[in-house]
Amino acid sequence: MDSTQKNWLPPGSLVYIGDNFEKVKINIIDYNETFYSEIEVQNIEQCKDNTDENDTVTWVDIKGLNDTKVIEEVGKFFGIHRLWLEDVLNTNHQPKAEEVDDLFFMILKSVKMDAQPLTVEYEQVSLFLGKNFVISFHENSDDLFEPVKARIRQGKGRIRSSRADYLFYALVDSMVDNYVQTVNVFENKIEDLDVKLDIDTNDTLPKIIRNAKNELLYLRKAALPLRDSLSAICRSEHEDIGVRTKMYLRDSLEHSIQVVGQLDSCKELLGSLTESYNQSLNRKLNEILRVLTIFTSIFSPLTFIVGIYGMNFNNIPEFQWEFGYFFVLTLMSVIAAGMIVFYRRKKWL
Amino acid sequence: MDSTQKNWLPPGSLVYIGDNFEKVKINIIDYNETFYSEIEVQNIEQCKDNTDENDTVTWVDIKGLNDTKVIEEVGKFFGIHRLWLEDVLNTNHQPKAEEVDDLFFMILKSVKMDAQPLTVEYEQVSLFLGKNFVISFHENSDDLFEPVKARIRQGKGRIRSSRADYLFYALVDSMVDNYVQTVNVFENKIEDLDVKLDIDTNDTLPKIIRNAKNELLYLRKAALPLRDSLSAICRSEHEDIGVRTKMYLRDSLEHSIQVVGQLDSCKELLGSLTESYNQSLNRKLNEILRVLTIFTSIFSPLTFIVGIYGMNFNNIPEFQWEFGYFFVLTLMSVIAAGMIVFYRRKKWL
Amino acid sequence: MDSTQKNWLPPGSLVYIGDNFEKVKINIIDYNETFYSEIEVQNIEQCKDNTDENDTVTWVDIKGLNDTKVIEEVGKFFGIHRLWLEDVLNTNHQPKAEEVDDLFFMILKSVKMDAQPLTVEYEQVSLFLGKNFVISFHENSDDLFEPVKARIRQGKGRIRSSRADYLFYALVDSMVDNYVQTVNVFENKIEDLDVKLDIDTNDTLPKIIRNAKNELLYLRKAALPLRDSLSAICRSEHEDIGVRTKMYLRDSLEHSIQVVGQLDSCKELLGSLTESYNQSLNRKLNEILRVLTIFTSIFSPLTFIVGIYGMNFNNIPEFQWEFGYFFVLTLMSVIAAGMIVFYRRKKWL
Amino acid sequence: MDSTQKNWLPPGSLVYIGDNFEKVKINIIDYNETFYSEIEVQNIEQCKDNTDENDTVTWVDIKGLNDTKVIEEVGKFFGIHRLWLEDVLNTNHQPKAEEVDDLFFMILKSVKMDAQPLTVEYEQVSLFLGKNFVISFHENSDDLFEPVKARIRQGKGRIRSSRADYLFYALVDSMVDNYVQTVNVFENKIEDLDVKLDIDTNDTLPKIIRNAKNELLYLRKAALPLRDSLSAICRSEHEDIGVRTKMYLRDSLEHSIQVVGQLDSCKELLGSLTESYNQSLNRKLNEILRVLTIFTSIFSPLTFIVGIYGMNFNNIPEFQWEFGYFFVLTLMSVIAAGMIVFYRRKKWL
Amino acid sequence: MDSTQKNWLPPGSLVYIGDNFEKVKINIIDYNETFYSEIEVQNIEQCKDNTDENDTVTWVDIKGLNDTKVIEEVGKFFGIHRLWLEDVLNTNHQPKAEEVDDLFFMILKSVKMDAQPLTVEYEQVSLFLGKNFVISFHENSDDLFEPVKARIRQGKGRIRSSRADYLFYALVDSMVDNYVQTVNVFENKIEDLDVKLDIDTNDTLPKIIRNAKNELLYLRKAALPLRDSLSAICRSEHEDIGVRTKMYLRDSLEHSIQVVGQLDSCKELLGSLTESYNQSLNRKLNEILRVLTIFTSIFSPLTFIVGIYGMNFNNIPEFQWEFGYFFVLTLMSVIAAGMIVFYRRKKWL
């Protein structure tokens, strides 16, 4: 849908702006300490039976945002405001955390280092936390939450014995862990560039640095509001987020602060890399011009001298000398030697 | 009117500083859930009848600011302070939001991407929100609020069933949407420049970058106070702005925050574009000088040698050699080859 | 007086540091809605009669600061602390606003665009606001407050019907208006430079930019504390400043905020001008060197070839050829044409 | 352990990420004003006997983090939360200070100037302060806390007569002292570079500056959160940190503020060093090109003139002149002298 | 004493780190409105008699910090904490203001413009304010407080009739006045450089600018915490600092704010000076290369042409022409004139 048309729609209109039109998958996981079930449904109506029981945590994981009808039904079923559903569909939305009444809403960007180094893929993830359920929306990846799902299936850690807030934390934490890994790889690549700069200064380096700068810009744009959202959650007094879960969330917040710190370092490193590259260009320029000047200044006088004795005047006295030729050769050698000594002194040679 | 003269006028004097002298148009829309009327009047007196009924929302949309008398009458009719009317007429005023007694006053800049890319047109919009009316002033565009008017006419969305505060929001939101679109186009154009830089580095690029920087400066100057105004409105406790409308306004605020974030990215992108352009200039310089130095340093010695044997000394021994000429040609080939090998090693060739 | 000596004086010593030694002029204006008198006195004692009546506003306007005795008398008469008088005389003082007991004290800089563009003249203005009087000190200009005086004389606007606080506002506002005008002119001049840059890049531009930068620095140093002072006044709860006057002062504050915003824009514009100028220098350098390289690389091989056939060897085979000369001319044409084609490909020609 | 695998572990899993696999050493010091014992144990169980007595301060110093079992036992013994133990093992953790219930937890980086100048070694130190014990974890150094241990053994200063909080302070203070020394050395080295720049501008300087910049980046990343942590401790109201100890901690805080201030200076010094180096490169370029231009512009015309008289036309009039040769020599001397005078005027010579 | 050894000392150890080992001088001034005595003692015991009387203000001025025993005695006598004495001796300490119980402690740097311009000398001054005494420590200068002592001796100003807090203010104010003077001189020198830049661009300028930048860095490091300390004092509610003295201290605070403002300006001025110097280097480069290019491009073709007719082919047709030589001369003049016209058009000549 063209963005100019959007202006003519009333606020709260649900419009999908992405380009993934695969079928929407709804994955429902229901568990408590002793019980576990996982089903894939086509229609949110089917999940009703599962959410009845109050003593289980229900996680509705929706992959694919193109079918606005499905999204709308999910929204109605769990009582999510249309403006929020609009945010879920607007995959360019900035990360944020909000709470209204009995729901906690968080948008964040999942990052994944691409096969090609220094390129990062983003995917918008929307999380809703209710009394005993968590809803997660995302667009493309099939295996985004696989580590968390595995932990639930295998009953590893505290997740099965905890409430929905811990599940919410587990999802956020797995996203933050992606940041930590991505930024670590990113930082290492940049430190590698630093070494590369000294070895060969080929012309691809400025392009790589520029790409890294742009990539860094987008990483910061995703990580900074993530940090602020986590900080807001840690300060929030929403009753559905327990004291113990908050301690875990503070741990995630610390990681996100560290990520932002590393991104700041990367920025400075890239800045000093650019500077060093420019200096190396300038040093090379000086070297080239030194060579040029040495050649010109040695051969200009010599060529002038041989020019003199190429003149066709009749009465040039030197032509009468017996060793005129050798005298001129010697003179020229002395001049050349003098120039070389001069440039040695100037440390140009 | 000359600005130096303004100094001699008492504060609150109404002076139009723009250059559009078309006839002022007053458009009055009156509606509630069931009722709808739209008239165009010449005189604000005519609108009295419409505003009598308390259960309708009245929207007075004034286009054209040159007739200060009309503005003054509107001001008197709705009880707007002269200082505010002065602000309405001062089309260079910064965006702001203010509330006094029972009126809510907001100035903002409408933006529109020009046909020519990277040029933005601005128009100052002043909005007043009263108990059951909204007044809007703007200078030039006929179709500025057309999307909102169409929604009212067609009864789409919640607008007909809501109060004046929602109309106020709808107008602000349509302005903010313009920013979102404009900044998206702007950002895309700049990312295009990034690609263009690698393909050809013709001399128009620095001019384009400079224009984009200036345009960005003005966009920021319009968007930053807009964001701050929206943030102030969301925090305000004015009774005429309902809780539900505030939730919508918070959505607009989020969009404006995103706009500012994108503008910040654009700034960094433009900065690194400039840097890259400078580097490409420097690399070109190095290339040019490498060519120059190679030519000079190969031909200087050769020209010198042929000069030697162009001398007219009688007793140059080489002239007696049978293959003197070919010896010299060989010598020069060796020297030239040596220089080429030398430059290959230095990676200058 | 030398500044090193000042160290030996106790604090509160009144020392004039300027260089205007014309006679001090004291102008006393007394008015209310119906009454108006204006006298020029030599001695502050003379003004006693005027200030007796409680129902008029008295404005004592002192021009010239060299006669410290007069300043001292004025201070005693109106109960102004010696430290404040010291500030009045220290014409390098930063703008500030302070209130003690029943007096409100403000220092600000009046600005005036000089005949020569991009040069601004400053004059320190000190204002005291009491219950029913305003005292203003300044150093040089005769017509600084003329617009306000004219308004009082002619009874235009609200000034005659208002109290001393409105007079205080009117004086501040006329100063702020000067900033608005000065900064508008300044901004226009800088935008003109932007156009000039493309037309001719003569060597005066960097000097003009540098002067503009320095001038901007001083304008900011005057405007920033002015804005902060106005903001402090608007927040202050001094009883002598009425609610309505505060609304007017907020208007002045808005103007001063806009001035600071424009100065920030000017700074960025000057920064990008400098950058563009540097780029144009670099582009010129590239152009010069391109010309140099093309000439050198075309003529070096040609000169070398003609040198070969200028050698005096006896048995050069080409000399025997019938069309040797024309062959060599053709060879050289081919070489020259090849170089030109090569540079066309490289887009150097 | 690979970091990608970590994603699949539940939070609170203890993973050592360093590369020191020497045996863990646990050193237990128990003292009060009159009593002192120091033992090295393999197993934390052995320390039970020591910590029984309530009137002594117990310091458990653990060197080596590779044996997660030992760490876990220590954690259980002293009631440390698993998330904190995870932080202790994550040797890339940012410095921080936290308090929960009856424990005070601080992470900081110990710095040590390497033998090679401008290189700093980091080691993460984790400190826990309980009612009457202090636990310290670090990874490599054997003699990190030797100065403090010596003071305890010899009973110097207030340490033996104070409680655990003073011991905690003493450890922090010895770390901060390391910063003070390191940064002093660092600052001196950079000021030395400043002098070096004027003497010889060899090509190693930019590399040294770049290394120093990177090193500075890491020092700041360690010192800034250290300062913030100390500031948090000084503001904290944890009951285990006494009023007197807080005064000492404020002293450490002051030192850390000074360290950050010095690092800021270093940054500016390095910035202006880079700038000066670039300027010296540019000046050198100008000098080289001056030499080139002088040689070219003197010898071009001379070589042209001798070329003229090397032409083989039959009827060149000058060849008939008796002193034609000497006339040409004189002409060339005049031209050369003229050029030299011209360049003297331009101050190029 | 080596700084590495310091690590092994307990906190609060008194160590002198400076290099002035002259004998310590203790100067005791005792005064009230009617009484005045001034003695020089070797031992602080001697001052006991003076401080007995409660109705006089006692000022103990200690010059020289090398004798730690004397410092310790003073500290004991007036009840100063050892940590503070350590600060007094640590002459690299940052300026600060602190209050504990009944003592007010301030560290600041006295500045003095050196004979050589743009070099500033620093001396650390420590002040203690008690109920009716002031203690001042400094290291070198004999006449640091001479202006204040003179005012006491001569009974000028309010000093004799005021309490210890006013003396404290007078000392601080004399230090601040030194800053004002120093920074004024500094600013003037930098503005002089601005003029110098246009007249001659000799190679000493970058060195002067660099020195000024470093000096500025140190001035800021001294002035910024001084301003913050004064601001803290003005906000403090220490009972020993009276309301009236606070008004005076606020005046000093204003001066220090102005000093910081001027230093900021100096920084910007130095920045734009560096920029201008770099531009002038670049312009010079362009000029040099213009000369080079003009010479090369005029003489390359000419030298080539004369080379042609220097060839020894037998059948060059031009040699048969009667006016061949003059034809060639004319041709060459035309070429040279064409080049000159071309460069005129390009504004290179």
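A, B, C, D and E label the chains in the order they appear, each numbered from 1.
Keep this in mind: contacts are C-beta pairs under 8 Å (C-beta built on N, C-alpha and C of every residue); 3 or more make two chains touch, one makes a residue touch a chain.
Because the structure is predicted, anything quoted here is derived from the model rather than measured.
**Q** Just how much do you need to spin subunit A so its Cα atoms sit on those of subunit D, in degrees to the nearest 5?
**A** The C-alpha superposition of subunit A onto subunit D needs 70 degrees.
**Q** Call it same or different for subunit B and subunit C: same when shared residue numbers make up over half of all numbers used at their interface.
**A** Result for this pair: different.
**Q** With chain centres taken as the means of their Cα atoms, state the distance from subunit B to subunit E in Å.
**A** The answer is 43 Å.
**Q** Need the CA-centroid distance for the pair subunit D / subunit E, whole Å please.
**A** 26
**Q** Quick check on subunit E: which residues sit in contact with 2+ other chains?
**A** 282, 285, 289, 292, 296, 300, 303, 307, 310-312, 316 - these are the residues of subunit E that touch more than one other chain.
**Q** Thinking of each chain as a vertex joined to the chains it touches, would you call that graph a line, ring, star, complete, or other?
**A** ring
**Q** Touch as defined at the top gives a ring of chains. Read it off for me starting with subunit A, then subunit B, then onward.
**A** Around the ring, beginning at subunit A and stepping to subunit B, we get A, B, C, E, D.
**Q** Where on subunit D is subunit E touching in the complex?
**A** Residues in contact with subunit E: 147, 150-151, 156-159, 170, 173-174, 177-178, 180-181, 184, 194, 198, 247-248, 251, 254, 257-258, 261, 265, 268-269, 272, 275-276, 279-280, 282-283, 285-286, 289-290, 292-293, 296-297, 300-301, 303-304, 307-308, 310-317, 348.
**Q** If you look only at subunit A, which of its residues touch subunit B in the complex?
**A** 3-4, 6-13, 81, 83, 86-87, 92-94, 96, 100, 203, 206-207, 210, 213-214, 217-218, 221, 274, 277-278, 281-282, 284-285, 288-289, 291-292, 295-296, 298-300, 302-303, 306-307, 309-312, 316, 318-319, 322, 324-325, 328-329
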